[in-house]
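The following blocks contain the structures, represented as structure tokens.
Both complexes shown next keep chain A, but they swap its partner, so chain B is in the first and chain C is in the second.
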Partner chain A sequence: MSREHSPTTTAAGPVSSSDRPPSRVGLAPAPADRRSLWVMIGLGGALLLAAAAFMTLGAKGSWDFVLPFRGTKLLAMALVGVAVAVSTVLFQTVTDNRILTPSIMGFDALYLLLQTSLVFTIGSARLAAVDAGVMFGVELAVMVTFGVALYRWLLTGARRSVHVLVLAGIVLGVLFRSLSSFMQRLIDPNEFQVLQDAMFASLNSFDRSLVWPAAGLLAVAVGVAWGLRRRLDVLLLGRERATSLGVDHRRTVGLVLVVVAVLVSVSTALVGPIMFFGLLVANLAYRLAGSHRHGVVLPVAALLGVLALVAGQTILERVFAFDTALAVIIEFLGGIVFLVLLVRGEKR
Partner chain B sequence: MIDVLDAVKTYGSVRVVDGVHLKLPAGGLTSIVGPNGAGKSTLLSLIARLLDMDGGQVLVDGLDVSTARSDVLATRIAALRQENHLAARLTVRDLVTFGRYPHSKGRTTPGDLEHVARALEFLDLEPLADRFLDEMSGGQRQRAFVAMVLCQDTEVVLLDEPLNNLDPRHAVAMMERLRAAVDELGKTVVLVVHDINVAAHYSDHIVAMADGAVMVEGSPHEVIRPEVLSSVYGLPVEVHEIAGRPHATYFPPGRPSVKFSIA
Partner chain C sequence: MPRLLVAAGAVGLLAIVSLFVGVGDVTPAGLLRAVLADDDGSHQEVLLVLASRVPRTVAILLAGAGMAIAGQIMQLLSRNRFVEPSTAGTVESAAIGILAVTVLAPGAPVMVKMLVATATALAGTALFLRILRHVPLRSVLVVPLVGLMLGGIINAVSTFFAYRLDLLQSLNTWMTGDFSGVLRGRYELLWLTFALVVVAYLVADRFTVAGMGQDFVTNLGMNYRAVLALGLSIVSMVTAVVVVTVGAIPFLGLVVPNVVALIFGDNLRRTAPWVALGGAGFVLVCDLVGRTVRYPYEVPIGVVVGVVGSAAFLFLLLRRDARVA
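Here is the complex of A and B:
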């Protein structure tokens, strides 16, 4: 700031075209990049350790049974961790804030409402005859259509404050849940039993037949997100600046919302709704990543998501012998983070 | 270069921009002045395709901004809006590097870094390059955003109140640099400015707007006249000639007359 400038002589400026000798500025990898790399390596290492502990600790009986059994569960946790983390980061980028998540905005409540409506209209007996994978496909298609239409309208219309969006999300979530529970009152108690499993997050009672189709879908969705990563960086600047830099905001947001809808469906179908987990993981990832670039933030968030689930489950299940408590603990911590972010955001 | 044909933008029942016709030639610095709510910023946003038009057409370099490909337009026209809220935590250098996106699509080349370095130098931001934007003052942030827009290296540069939050020294420096970009590099710069005297001193062309329409346009001598400004702003304005340039004063008599002079 102390440098005196002589405005009339600095004119050649940044605006001329670029055939000049290469500058000494910023060509070596910045320390931030190296830091991001180390963070990823560290998280990857920790994840390997946690996974190994999860697979082997306290195993009784034949390895031929234990390994595939635990392996499927590990894979399911990995899918959920990646789906929740990536969908949250994507959603926060397109909504230009760090507080809203798909679950806070009622995405997974919508998915549960769809499930309930299906049981309500078709009946669980007939549903049971349908292949779980096909069912999942139908739910997914409806989810993507409705979810994207609704949230695209909500998010890309007039500029709305975060607080209005939080309120809208809470109202939508309550609406979807109330509709679900209304239908559940009307249906047969036996069919209610079928639904109840879906209504509460549990990492122990997931549908094993869904794991592989879910893995395939997740791979495609994450692949699309990865392909968009540089455009997503620009979206961080907000709608107008992104448009000015030549990004088609509406189309990109629409595409990202499709990816988010698929990811939320994957995780909700596998383990049920988890409200604040994504918020926890995404905000931790922003802190740790040391870069705003999605090429760094997305992998860091995904690693963190899987690590939190696998390590948490290993510790609770094997060390403390609790069973379903992980979801509760995650919600507790995530809820606190949500409140802190909301209060801090208010002050700015 | 910029042709605005009967542009209309409405919010509810209010026609914020109401059938504006405007033709700006390539090269030159144009200032849009006018009272609050005259539709200046909205017009600028329409030209930059940041808002959808409700009627009319804008051509930049022969391209219709509402139908041309956004990424093509981004290499011809760069725009800065007023607000500088950012959810992400970025350094000045990160932000300015985003200006290269239309050319690099995110794969930054040494040539891009060269542009970034020059933009930082151009706006006196080198000492601040690695500071985070949320740790800087309003004026410093403002300069960082202008640096990003200049880094985009386009023919047409649209700036909505680039002097916001700037102290007189940086305001003068900013205007001198924009002037240099016009004179030496042949850029077409369009600004929304509040300070009439800044417009009078630096512009080739001034457009005075009120109530969503262009009231008067022309050279500073044609627009900076007491009767024109008084009717545009609804306030008695005197104009004095200082060093061959028109200079407006608009503070009511009865107090020590304060003249805000930039030169």
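Here is the complex of A and C:
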């Protein structure tokens, strides 16, 4: 398995930033750091502009209605953008390559399958009586348990090539989706109605009551990821070297998978599955960041994710009046990027 | 050969069972009485069997055999065990062709739809092979990955237009196989797959040799490109016909030939009857499951095969991997 990069080839020169002793904190930042800073500032500025455009363009009627209405939507998009971007970067670090993403590996299909199974076994009538937040909590718990067990087995059990993993992941996704639709056919058409919305990625029809619990969860998960960032830098060196540097590989991978499972649940619960979004954002972020440290890559990816969603949605919705087609366009572009990565990766 | 006869008998038996499974009450005894007595009261049963049950069963057998053979041919031509119409962009290309006809010429007869779908399926598969040529040192698994991604991209384009034009539901029916709509007069196009399977059998040796690689084929004095073109045409046409009439049946062309190859090896002349029978039997069993599990409603065959097929694919994938490692 060949990594496409190594931390020692950053613009800063042969010394990777993670090797730097902590005593240098007070010194002038290296050129790479300054570049990363500018990238972040630029992205932040663009994001502010996009957000302002999203909130105000084409607004008709009372601002008292428009601002909170669009504000919730903006917040949901921000949550999804951050969740997808961070989970993808974490997942790619743990799996040590640039084409695997949680959604390509079937993570969000698993979430949908769990959702379907819950409706299937409990019934929508009884589910409707349960508070959406509690429901989300139950789904999350199941998702973390199952997801971490399954992917831990797949990723850290026998050593498998990337191609086996990707293919297995894609087919797992197909299996999960088929199982979900199989169960959906078995349940009552009325109950099916409850589920149907969840199956399609749409940035317009999300459950507004979930936004705040999701925001809280996201904050915790991202906080944990941020705390892990230095350990993740070490993981980039590979399993053996990370272990010899004193990082418990198995434990870290397990912990990261928990965080990823939570993040995927957040984004899937809010808008549904978007297969290639993470791939696009993460690979753009690696290019833009100018550093391989997670302290830089994670914020850049998160900013990019939110920016792509907000700007894309603003342009499509306000300029072209194309409503929910954003997910489809992401799918199209992401598929092409994936093919390019695959073909180029093979050539090396 | 006797083993083949036993297998054929088993599939035949299943086919007879399939005639008597469904919402309308038809029993063998009742049918016999109706045919012998020929009175008006039981005419209903004969009509039901002739107009719905027989066409459905025949359609299942034809589609199953055709898709399995198509998968087998693709695997020989691409020299890769994991390639079949749904992992090479062929199915999605066929669907985009049907979508185009539906949008541009809504009144076009089914034959036109099928021909356009064949053309787009052929183009999509050719594009797939072209992309593969740009992947020099390819590992076995990159091939289906490229195909799946290409299929995803084509599908995104179809979804985009289908969504804009309110045709998402139609697109869904082409992408999910379902035999419940098969009636007399609506499935006859599938007999074309029968003809194509016969053609494939007649030139089976060429495909087997083609599976040994371009250099080998040229050495033997055969025109590799001609064999390739013939094979891809058969595959595209079978796929187009099946997608037009009943919708896509995923992974069928992958699972059946692989299981047959595990037992009988790679000589297409020898394995073709087994692959065809296996495909027909597999689809028949899946359709029977789909018809009975939620009686009196039905689960579409595409969903049942999706579950069984992807599980089998995973098994093949991880098992093979465990052996290599």
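Basically, the second predicted complex is superposed on the first by the 320 of 348 C-alpha atoms of A that agree within 3 Å, B and C clash if a C-alpha of one lies under 4 Å from a C-alpha of the other, contacts with A are read in each partner's own complex, and residues count from 1 in each chain.
Please note the rule applied: contacts are C-beta pairs under 8 Å (C-beta built on N, C-alpha and C of every residue); 3 or more make two chains touch, one makes a residue touch a chain.
Small disclaimer: the values here were computed from a predicted structure and weren't measured.
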Who does A:Val211 touch here: chain B (first), chain C (second), both, or neither?
-> neither
A:Asp233 contacts which: chain B (first), chain C (second), both, neither?
-> first
A:Gly335 contacts which: chain B (first), chain C (second), both, neither?
-> second
Touch check for A:Asp96: first (chain B), second (chain C), both, or neither?
-> first
With the two complexes superposed on chain A, say which partner A:His163 touches: chain B (first), chain C (second), both, or neither.
-> second
Determine, under the contact definition given at the top, whether A:Leu150 touches first (chain B), second (chain C), both, or neither.
-> neither
Identify the overlap between the chain B-contacting and the chain C-contacting residues of chain A.
-> none
In the complex, chain A touches chain B at residues 1-3, 5, 7-8, 10-18, 20, 22-23, 25-27, 92, 96-98, 229-231, 233-234, 236-238, 240-241, 243-248, 286, 292
Contact residues on chain A for chain C in the complex?
-> 158-161, 163-164, 166-168, 170-172, 174-175, 177-179, 181-182, 185-186, 275, 324-325, 328-329, 331-332, 335-336, 338-339, 342-343, 346-347
Residue positions on chain B within touch of chain A in the complex are 45, 48-50, 70-75, 78-81, 85-90, 93-95, 98-99, 101-102, 105-107, 110-119, 121-122, 124, 126-128, 147, 149-153, 172-173, 176-177, 180-181, 183-185, 187
What residues of chain C sit close enough to touch chain A in their complex?
-> 82, 131, 134-142, 144-146, 148-150, 152-153, 156-157, 159-160, 163-164, 250-251, 293-294, 297-300, 303-304, 306-307, 310-311, 313-314, 317-318, 321-322, 325
